[in-house]
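Just below sit the structures, each encoded as structure tokens.
Okay, so chain A shows up in both of these, paired with chain B first and chain C after.
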Partner chain A sequence: MSETMQEASVQDIQERAAIDKSARLPVLFFFTSAAGWLFLATLLGFASSVKLAAPELWDACPWLAYGQLFPAHMDSLIYGWGMQAGFGVMIWLMARLCRVEIKNGVTLVAAGFVWNLTILFGVVAVWSGYGNSMPWLDFPAYLWPAMFLSYAVIAGSLLMMFRRRREGEAYISQKYIFGAALWFPWIFAVANLILNHTGGSALMNAGVNAWFMNNLIYFWFVPVGLASAYYIIPKIVGRPIYSYQLAQIAFWALAVLAGWTGFNRFLGGPFPSWMPAISGTAIILMLLPIGAVAVNLLGTISGRGSLMHFSPSLRFTVFGGIMFNLYGLLVAFSSYFDISRLLQFSYATLGYDIMVVYGFFSMVVFGAIYFIVPRITGCEWPSAKLIRFHFWYSSYGIITIVAFMIFAGLAQGGAIDDWSGDFMDSVRRGKGYIVALAVAWALISVANLAFYYQLLMMACGKGRKSEGPTLIHKNPGEAASAEAAAGFAPEDTAKA
Partner chain B sequence: MDDKNSTESNLDYQGGRAAVRDGHDSVRREKPEPVAGGSNKVLISWVVGAGIVLVMAGGYLGGYSNFFDSSDSYIYPGYVAAARPVVEGVDTDAEQEPWIEVWMKDGKKVYTNCIACHQAAGTGTPGLFPPLKGSEWVDGGTERLGMIVLSGVLGPLNVSGSTYNQPMPAWGALNDEKLAQVLTYIRREFGELPEGQSGVVTKEMMKAAREKHGKRTSPWTEADLLAIPGDAELPGVEVDLNTGQPVAGE
Partner chain C sequence: MKKEFPVFILGLAAAFIVPLIFLIVVPYLQLSDAKPENYSEEDDVVAAWAYPAVWTGANKEGEEVYASQGCAYCHTQMVRPTYAGADMWRKGWGGNEEEGLARETRAADYTNDRRAMLGYMRIGQDLANVGTRNRDRAWYHQKLYNARTQNVDSSMPSYKNLYRKQQIAQPSENAIKLKGRFAVEEGYEVVPTEKAEALVDYLLSRKMDAPIPGAGTDEEVAAK
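After this line comes the complex of A and B, so read on.
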């Protein structure tokens, strides 16, 4: 049993309870408001894909134009849900790992209010046609300083916690959170300053925009998601990361490589060839950290995979981890010109973005939320059935989106590549697949409604009050055999 | 849990909604926090994989970057930076590129279809693919030329003194504009045009060619082509090389 962590001591338990209590207010605030945004974002995703499939629909209503629905959908998904849920996870993880209580909960909530108000303003502006059409940066130019400030307060608190940490050497998750906290202000300020305030050439602006999108993925979503996975998996499986050294190497590789990516989105574009070539090289080198994550994921859960049968946190996290690896492979593959000339600028790009923001990041964050919320509220998730529902509808939805967007991209790509062809031709070819996109968003919306409902119940203290976690499956027969498979004492499995 | 009593009293969230004593055991049941350090296994398979990735990345950079030497090279094969569009009916001022330059640049793009056989410089491959440079077919009347590209050639063909016998594919699937551009390109770039000829093939001329050509599905043979008079030109008005508009007085 040398690989297995020891049982917690009494002091540990007291300390954790105190930390969780101090985290309750800010973390619940971020989770509940994020989940609300998520529900809105998925509804907008559904509406925008219906509109894309049937453009004549709702013609009289400009609020339902695709060009307004789609960016509103993406922005609420990224800033309303993604980043905000990430804040909650970062705060809780940082407090737990640094073993410090959160002293400025009210300040954090105030910053969160500013964030929510700004995003609300931005999404309404974009939705009503006042966006500036730069993907993921569509908000009117005067909003970004407010987002920047509220982010600075949140990141500042994270860094302060890190300074006060009681444990000497930082755990890998702490490093990722520390990194993400600092990287975002950099890319966000650079992109906004260039795009909104120094009107450069239109071509270069498109490049900067692509650079921002890729960096938001690799400098924010990936590190926060990995921080959570590297915490949740060892915690539930009950043994340390398979190779800590590889995890460290992967961290530094990510830190060095991420900033170079971005121009690979324009492989055949009118940029001097060395620019996309460098980005594509960085994307291929990303396979090093991604491979390390794969090794650690498999190594850490190997032999105990049956725990995924019970623990929602583990199941969501592992699904996200697999999606992350697939994403890395697909993107590396597409950075070869012969493939990207068929896929770039097509729906496939949307499929990739959704794959990393939803398939990886959001799923991992769901896993973390299922783990964290019972601890900070003191009650257990009301219904295992709804958790199952959330998992299956989300995963079917996300797999449908990714697969169909890649097919749509293949159907479209050749037509886009023909520079003198009719552009509408390429749109028509992708159209059939858009129906699947609409269905998938509908599935995901329903799944998230279940999630939102459960989360609100928990937040009002209406969860289950019994001993023992809410497990996905509780059939005693199944549980016993899975425990036997995992080589566990019965009591040990209760680690949801 | 031996020390259960003291643990529970300490776990009571006094102010909070949740009374830990009422079954809040999630904190108690969890394992200790993961810490830094620990196993240093570096899998051999990862190291091997990393080696492959490094080689791939090197090959990628070498293959696509063009060795960082020129800001005028692009990954897209045959990419030529777009010319400024010519607005119809607007006076071309000195700054605007003449229409013919734009037309030739577009022609050069279409010519990427032909490079594999006729080579970038139009020299062909001796014995296999005929040259376009110095070819009497290119220099001669536009009607024969239009027919050749619309449905290709099969069987022996005599080009500047040598006989070639490979199939020439049909390009009828390209639209009139593209075909007109590529023919203009090969005539002006590789051809030796008779005095006073501009070598331009316009979209109207290509359209006329398609009408003459009718619904022919089989490729041309040399005999069929020679039946077309060598100096037959496709009908079309002469255009001003600066504006692309019909020459005044027409």
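After this line comes the complex of A and C, so read on.
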């Protein structure tokens, strides 16, 4: 079963099996519905980029205007796929790390149903012209309490698990999950209360929106992604984290900086000028925790990188980690006026947002799903070929999106910055890159169809029944673990 | 960790609350206090209105149409000062250059809006001063109906859902002029709905180049 070989007592193995069994229902529910949303989100991404390149296509249908397709695409990507897949990872990791069984599986699924219905309603509303042009908060105002409540149920069970935990010292992954569980309802409630239920400053409403977007990235997507990476990498490499202290420092540095970001989206904006400045500074300082995480994870993998050749979980996780570091560097560069004057309102903004939500978070979560699902279903992934297909199409797709959106941003932003030129130059120069965006989303859609198919097979219990895990570049059952496949002797492994 | 647990929670809370207070709550309360200011004689402003002027027309409803159609995803309403971009130098973006009014946008410019539509990307023009650039309602309607009527390369979606095709009983004054491949069948015309009129009201109200009370005239500012 396990991708790592470790000396576990019979009792340990039984305990883990019991936890996995208790996690099966809620975790599979969140993963399968999230994967459905992901497929829809990538299709919408494709459709919206096609419409951007060919605005007159099907223009009798108002639902297909870019201004409605694009927010519907982002919202289903973030709330339908991202957060929901994150819930599954959080629940399983928390249960395993706290060594407690999940007692309220049905309640979690009920909360999940509410979440799904609310998101469905919200996405249809945005899509059909009832959105409000506030990125990532487009849903009609009356929907947020339902999302808040269903999230509260999920977060509440995570916190309860943490209280019931048996181990003394908390793992770094537990801390990240705990933090994410608590932070999201706070930022979500504050943003929605200010935007929907107070009649104050119109300008600050836009500011709160940008603050929410960046807080969602740094207070939720990044912690959940890192919790997964800090678990998966040591597990598969078969070593404890390189430095627990460094991980702690990075955790607190991230937490302290995260809340100050957001206004960097409006450098030179009409706010008091210290506000964008402080957000830009926080984004640049964020390089410290990001660098610390990189050092820590690289230190853990060091010398055993060849495991990536075999283990799908490790491969996806490392890819996500690299994207996270690149994201940190790029947004830090873009916090300088010389670069933000070109890129701030260009396609690069879109590229960065996709980079962190898809390139980093989603890829890490794919890694976690490839690790978790065999454990909770008791069967192995049907096809290593499809996993490989999923990896390469996704990674080519996301690299294409990021690279092309940055170049598109430079071309488009550069044309606008050339103030005496024709404005239409910026539109014309950007257009070619949009075709690449559409192609990339098509690649990613196909990749995710393969992923969705495999996941549904697993959920129906139609996976491969075998002793060895499904490894890339190995025949089924040929090696008992990625470590054995790579020819490493088992080291003393991380606990849990 | 059991003993450290309250400290841990406190740390998480502080990481959230400190920036919330200083970055969101305090500026929010301060900026929410802003009220339209009247010009004094020193300001040498000919018109008698306050800053920012209170707009008439259906621009409140127009703002909702603007938001629901997702306009803010491709259009910004924010002119950056020269240290942060070349926005002010682009013709018409900063406001009326001929009268020396062009400037970057300021917090008070948005006082009459419900939400400032600062924007996400700039696939289309910045609209902070679109109401200064063009006062012709027909031009707006034609663009909204199908932007290709004015520029073949335009990426803007057609908002045909905001317009109504009807049989001509008596030619309407506000019917959109459509030629060539955009023309509708003989005996029909395209007229704006209420939503389209509200949206145009809102767009015409985008004039963020009014002189600032207390700043003095341009010459005085330059002399300082």
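Definition applied: the second predicted complex is superposed on the first by the 458 of 496 C-alpha atoms of A that agree within 3 Å, B and C clash if a C-alpha of one lies under 4 Å from a C-alpha of the other, contacts with A are read in each partner's own complex, and residues count from 1 in each chain.
Throughout what follows, contacts are C-beta pairs under 8 Å (C-beta built on N, C-alpha and C of every residue); 3 or more make two chains touch, one makes a residue touch a chain.
A quick note: this is a predicted structure, and the numbers were derived from the prediction, not measured.
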Touching partner for A:315 - first (chain B), second (chain C), both, neither: neither
Chain B versus chain C as contact partner of A:97, first or second or both or neither: first
Partner chain(s) touched by A:267 [first = chain B, second = chain C, both, neither]: both
Which superposed partner A:169 touches (first chain B, second chain C, both, neither): both
Which superposed partner A:68 touches (first chain B, second chain C, both, neither): second
Which of chain B and chain C A:341 touches, first, second, both or neither: both
First, second, both or neither for A:390, with chain B first and chain C second: neither
Partner chain in contact with A:12 - chain B first, chain C second, else both or neither: first
Which of chain B and chain C A:278 touches, first, second, both or neither: both
On chain A, the residue positions that both chain B and chain C contact, one per complex: 169-170, 267-272, 278, 337, 341, 419-420
Chain A to chain C touching residues, read off their complex: 51-53, 55-56, 59-60, 62, 65-68, 70-71, 129-135, 168-170, 175, 178-179, 182-183, 186-187, 190, 194-195, 199-208, 210-211, 219, 252, 255-256, 258-260, 262-263, 266-272, 275, 278-279, 337, 340-341, 344-347, 349-350, 412-413, 416-420, 423-424, 426-428, 430-431
Chain C - residues contacting chain A, complex: 1-2, 8-9, 11-12, 15-16, 18-20, 23-24, 27-29, 31-32, 34, 66-74, 76, 78, 80-81, 83-87, 89-91, 104-107, 109-125, 146-148, 151, 153-161
Chain A partner contacts - residues on chain B that touch it in the complex: 3, 6-7, 10-11, 13, 16-20, 22-43, 45-46, 49-50, 53-54, 56-57, 60-61, 64-66, 68, 70-76, 79, 81-82, 109, 175, 177-178
Chain B-touching residues of chain A, taken from the complex the two chains share: 5-10, 12-14, 16-17, 20-21, 24, 96-97, 99, 167, 169-173, 230-231, 234-236, 238, 240-246, 267-274, 276-278, 280-281, 284-285, 287-288, 291-292, 295, 299, 335-337, 341, 374-375, 377-380, 419-420, 461, 465-469, 494-496
